[in-house]
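In the two assemblies presented below, chain A is common to both, partnered first by chain B and then by chain C.
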Partner chain A sequence: MRHPCLVSTSDPRPSSAVRPVAATDHEEKVRRKDTRLDNYVDRYAARTHGMTASAIRALFSVANRPEVVSLAGGMPNIADLPLDAVGSILNDLVVGNGRVAMQYGSGQGEPMMRDAICEVMRLEGISAHPDDVTVTVGSQQGLDLLTRIFCDPGDVVLCEAPSYVGALGVFRSFQCEVAHVAMDEQGLDPVALQEAITALRAAGKKIKFLYTIPNFHNPAGVSQSLERRMAILEVARRADLLVVEDNPYGLLGFEGDPVPAMRSLDSDIVVYLGSFSKTFAPGFRIGWVLAPHAVREKVMLAQESATLCPPVFSQFAISSYLARHDWRGQIKVFREMYRERRDAMMAGLADHMPAGTTWTVPAGGFFVWVTLPPGLDSQAMLPRAVTARVAYVPGTAFFSDGFGSRHMRLSYCFPTPERIIEGTRRLGEVLKYETSVHETFGTGVRPSVIMPYEAPGANQN
Partner chain B sequence: MRHPCLVSTSDPRPSSAVRPVAATDHEEKVRRKDTRLDNYVDRYAARTHGMTASAIRALFSVANRPEVVSLAGGMPNIADLPLDAVGSILNDLVVGNGRVAMQYGSGQGEPMMRDAICEVMRLEGISAHPDDVTVTVGSQQGLDLLTRIFCDPGDVVLCEAPSYVGALGVFRSFQCEVAHVAMDEQGLDPVALQEAITALRAAGKKIKFLYTIPNFHNPAGVSQSLERRMAILEVARRADLLVVEDNPYGLLGFEGDPVPAMRSLDSDIVVYLGSFSKTFAPGFRIGWVLAPHAVREKVMLAQESATLCPPVFSQFAISSYLARHDWRGQIKVFREMYRERRDAMMAGLADHMPAGTTWTVPAGGFFVWVTLPPGLDSQAMLPRAVTARVAYVPGTAFFSDGFGSRHMRLSYCFPTPERIIEGTRRLGEVLKYETSVHETFGTGVRPSVIMPYEAPGANQN
Partner chain C sequence: MTRETRETVVVLSGGLSHEREVSLRSGRRVSQALRSRGLEVIESDVDSTLVPRLAALPGAVVFPLLHGEAGEDGALREVLDLLGVPFVGSVGSACRVAFDKSIATTVVADAGIRTPAQVALPHEIFRELGAQALVAALGSHIGFPMMVKPSRGGSALGCSKVETAAELPSAMVGAFAYGPVAVVEEFVEGTEVTVAVVDRGNGPTALPAVEIRPDSGVYDYTARYTAGATRFLCPAEVSDEVADRCAEVAVRVHRELGLADLSRTDMIITADGDPVFLEVNVAPGMTETSAVPLAIEAAGWSLGEMCADLVQAAALRGARRPLATTNQV
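And then the complex of A and B:
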């Protein structure tokens, strides 16, 4: 069953029992109390009233407790980076070229950095000119700048169901409405996309773009085949719809060569977001937007207004690393490390999940999407899981409309394989207990909403 | 004569002959042509239509020509930074703590960085808790985030007349209206401020905050005395008005100790913006916002939405530099270097400006504000100045409403003292020629608008 469900993200909490992870009842009460103590509450912009503590921040604090196996966070494991080599590269950079590398730079990003970005993108079949690249503060800022230049309050952004929690936050902060489009085991469903476009336009809505993650989806863990990409682009072209392709994990596939990026198939309607956070390191905060020339001009102007210029030293640091280190070899090392962790996650889930639990099998990236047995609520269960020393992200965080309580996102990127297996064991215990409670007392005990939603590519355990 | 003139910044070009530097007639034509070629023109948000090429970008390209003495840019001179020491500090940082320094971090900024920021602020009398600091991508992003959380389209921001060009760009990009408030030789005039507040509120306008640069004003080159700060804060308190204090140059004074920051005089109504761009180096892009706790919460949420977290490696780099290097001694070195350049600028202006030209005498910072003899137009004159191999920023860039054509901003931060003197010599030649043309043919040749505006702290040559 598909659901191009349209709910304004300016109030992400519908009047159901299902709440996003960021605001439990208690937190909501605390927030309201804080609000009463806020002398400035009458002065904020309308967009600010939708800004509430993000799931990502809550996750960081949970993940930091050492006794908890966190399958929640999305932090890459950068332990394999060659620190001696990077230290030496940065020392040489400062001594040799520090007066330029530590100075203000171009609002669009340094030419040398944009050249290197084009070289990286060639690995996924993209042929691009450095003039069409704008460097950003991580790809998160790329998404922020695009939303800023395209979206007025009330405009619609099409997203997968589920979608990246950080993207939903950006859309909410610019007062967009999010319409979720169903996925299957090949990612976004083009038929559902067409239906959503038709229904929304018939309702007089202005759709600004489709936001999609074609590779190793966060959180769904599925990927679009080449045929699927072509079908989605065909729908978008016919509908005159801009496509924002977010691709942080594309080079972290476990099987064969990368599937060509959507941008490699259509350079007119696709705006591409890339990042060095997962192929090198996130702390430099360097991502990029590749956009048709007219759009690039606006992105660059928005960047100048937002920061004057993206971090110059970071750009010199990454450019030097790419020039002097075997970065392709390093990505291979990362890939093997993540593949081993994905395998541990799959083995742990197979060993420990109770009957009726299903999950996706990611061919790359960081995440697995789990569907719980009927009657269980991942949101309500989270405090009990943390008590059992395992953490995850409830599925509700990845919807703008309160759906997702029967799902959870598990990540295998950061913990060791041994910890991943131990985490799935602990999670299995929690699920078995929850299932037995549910079987004894029924759904009446903890009311849950049945979702008109199809899990992406679920594989029965 | 004072002018709390109110003009919407969404169309910065009134129907007068006076235009901001960012859009000459020719550039405007090119832009319109580009716009016609932009397939996406009907899809942008309303805020995007006000985004045009910024003065800052134009300045970078002018300043890059080696034969031109650029008195236009605001780049700090970081040639005196100890590159060997910084290189070694960064090498040690990566080797010893790279896995943390290159990882994702806190959306609010690293605790260690926020501690150090509080230590830096103590030099200007500010007592603050690290919890109330949010780290930003330069103080430009601080201003962007504050405007984002406070300003709906049509809201008014009060600014000095003139004001920082990058701030005007931010306010325009969020569709604010800017109301300029007159200055004198002690900076923002509190009587004019009160008049502006009264007039605007009587007209039903919603004023969101006062944006002010109390120290070594960009572009006006004047500073608020302690008494002046107290008078401005008294007006703001009575009017229940938030004050955004932008202080990038506060530690770069040439005479005695810093005047206490406005934030040190009132922690309830002042939001403070700071930066390491001028006291260390701009390429790391680290600034900060110090705000009352409730506002800080919103700033942090906006930061998470915009970037997930500000540049982590930059924060570790600056924290390490502050911990291991004599940064106070380094600021003294910067101060002496800029004082020498200020002196060269003053000597050059005294020697080469024609009669009728006046300028401010900055006691710190980077900039001098020059008022031309009646009838001259700094905007119209710029191409002839560049032909004579000297560049400056026309005064119109610092107003949202087209005023400022009889003024220019000169900077002495980047060129050597010898080049500064040569630059003023070339500029003097241009002004003498323009004056003689004006005396021969009168104002009719190049019509100029007489400004209802009082130059800040002008000192007759």
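And then the complex of A and C:
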């Protein structure tokens, strides 16, 4: 039976008698569906307006497939964790102390967790009191809370150029303006910092803080020397500028002892963000904020309204792990594993990148920052790379202002050394082909359209 | 068609194409719709486990919701035929023609349906003959504004509207990032509509046209998959006569290309009410922001009913052999 709403050319001249909607214009109007497929489209807050689907981000869904060598994600490789030891620690925790560990807890975080965090921070020269620590849901939430308590729409946050895509997302969601400050091979440039502060203040802008990643920068792969840290802090002190130091990778250096944290050099103007995601495991979602007392009070109150309390069970689990396992030894194991992968990445790039390509040599952490020959656009090239079964993050993800198309971030944390080499080989082929396309058409690349969420999700490798 | 059976349906989605994410969304929605009709649904990606999985499910019907290459170019459907697995939708040979814009447009134009002026060019020809001369020739032959698209692919990925000669090279580079051949088309001004064609066993019939009005003016990836970014009107706000013409074009495209079960033809209605064919999809999107589910609803069905009917028709039809279809195009 044919449905009355259908038009068919099996009857060569469809008559209006089988029109989809009823006879009169009035009824037709009544029955026409006029929709945006979202009943709430007019009600969202202004800060959600940038939250749209992105073709670039959708490509990362392919990157997660095993056929693709993903040099895109930032997932730590936790395959080497002693799961039997962690398992018995968790078993004892539930059996012995489950009623407390599974209860609500303190908004600031559990005391034994904050004690242990202070012990971890001592490895990078920080001396802190547990009362000044607030536990957060990963350091990502710490950054969210800091931005929440400091920033009104239109306030300026100073960031490195490039900067961590997840931080740019937080700043954007609070409608901050991001001003990027130049870096060199030693990280953030203090002269450029001073110039930016002067220019922005002269333009009447309110700068709320500087966000910096001093160790094994994500995505740039460089680290600030001790002298550089002191110079940056000197500029900040003179300008009365708050510094937010984000340090997830500090203990994952391949050479020598960690450089003292900025917070160890100045406890008044530095707020420090730390995390167990890379030194232990990200699934527990435990990070922290170490802040001067007045800031800490506000962070803690903001934390209570956001979560009531940070995950209690995770804090008990991590505290037990730190107390009962050789966690320092485990970090050494991680370091050696990442060093081997970094070496594979360096060897692969040296073998397979076309002339004119340059890259940073990270002394720790997860990432390499690659600069492509002039004219190539890493964002426009990504579909070709995905077709060739290799993925990276285009440099544009790490800028809020449209720059970065000549760059890409490669990660070596998750794939094995063999896969890393294979990934660089595939990437070399892609670059070669893309270069030939550009030679054909000249180098007039389109300015890339910037979306705030064009990077893999945290659960992507 | 009222047979009381409980077919097992294998909904295929994902794959390795650029549209994997969209395909997963389509697959989820169709799976839920089929389950709501009481069917047993297995959701499956396309990888090396697929063939043994299908072998272990005799009698299962496959519902391919793979967008982009392998899913829509016919390759996977050829495999399903080889394996003797019944499936919903067009056979491989028909998909191969329909999926490639450079070929489909020619076939459709030969059938007397209005299409935009189009030139299909592989990257190599620009390199060998010199891009400058070809770009200039494209400008004079097609004129501005023009559309540049990869010849194979969907969701508007790699597509750009080019207003001036200066923008053309980068648009070409953008299209070539998605594949080795690009098509350059005359830009057709007018009302954008898409018309689904469904055949539940008694001949292809057009569903009410869906009119598409993206807020940004361009129905690109963001406008397609951000809920709220595009206004849909169904049936389209056009006269009955124009709606009939659109329906007729969609059904003719479906027939001319030898498509089966379900297709969706995108077109532009010019100011004088003439529909111009843009492209046809053999695995139209079924996501929460896709047009076909709206058309199904406007036709008075639910997505679940429609999909279940297509599954049942595929089950009754059984396996199709590739050789039996060689004369369809």
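Convention: the second predicted complex is superposed on the first by the 397 of 461 C-alpha atoms of A that agree within 3 Å, B and C clash if a C-alpha of one lies under 4 Å from a C-alpha of the other, contacts with A are read in each partner's own complex, and residues count from 1 in each chain.
Definition applied: a residue touches a chain if its C-beta (ideal position, glycine included) is under 8 Å from a C-beta of that chain, and two chains touch if they have at least 3 such contacts.
This one's a predicted model, so the numbers in the text were calculated from it and none came from an experiment.
*Asks:* Using the touch definition from the top, say if A:148 reaches chain B (first), chain C (second), both or neither.
*Replies:* After superposition on chain A, A:148 lies in contact with chain B alone.
*Asks:* For A:38, decide between first (touching chain B), second (touching chain C), both and neither.
*Replies:* A:38: touches chain B and chain C.
*Asks:* Based on the superposed arrangement, let me know which partner A:95 touches: chain B (first), chain C (second), both, or neither?
*Replies:* A:95 contacts chain B only, not chain C.
*Asks:* In the superposed arrangement, does A:75 touch chain B (first), chain C (second), both or neither?
*Replies:* Only chain B; A:75 stays clear of chain C.
*Asks:* By residue count, which of the two partners contacts chain A more extensively, chain B or chain C?
*Replies:* B
*Asks:* After superposition on the shared chain, which partner residues are touched by A:438: those of chain B (first), chain C (second), both, or neither?
*Replies:* second
*Asks:* Considering only touches as defined above, state whether A:52 meets chain B (first), chain C (second), both or neither.
*Replies:* Both partners.
*Asks:* Under the contact rule defined above, give the chain A residues that sit at the interface with chain B and also at the interface with chain C.
*Replies:* Looking at chain A, the two contact sets intersect at 34, 37-38, 40-41, 52-54.
*Asks:* Going by the contact rule set out above, which residues of chain B touch chain A in the complex?
*Replies:* 34, 37-41, 43-48, 51-54, 56-57, 60, 75-76, 78-79, 81, 83-84, 86-88, 90-95, 98-99, 101-107, 137-138, 140-141, 144, 148-152, 155, 166, 169-170, 173, 208, 242, 268, 277, 281-285, 292, 294-295, 297-298, 301-302, 304-314, 316-317
*Asks:* Flag every residue of chain C that touches chain A in the complex, lowest number first.
*Replies:* Counting only chain C, the residues touching chain A are 16-22, 24, 47, 123, 126-127, 131, 135, 155, 157-158, 160, 166-167, 169-174, 176-179, 202-208, 220-222, 224-235, 237, 240, 243-244, 247-248, 251-252, 255, 288-289, 294, 297-301.
*Asks:* In their shared complex, at which residues does chain A touch chain C?
*Replies:* 1-10, 14, 16, 19-21, 28, 32-38, 40-41, 52-55, 58-59, 61-62, 65, 67-68, 377, 380-384, 386-387, 389, 434, 436-442, 444-446, 451
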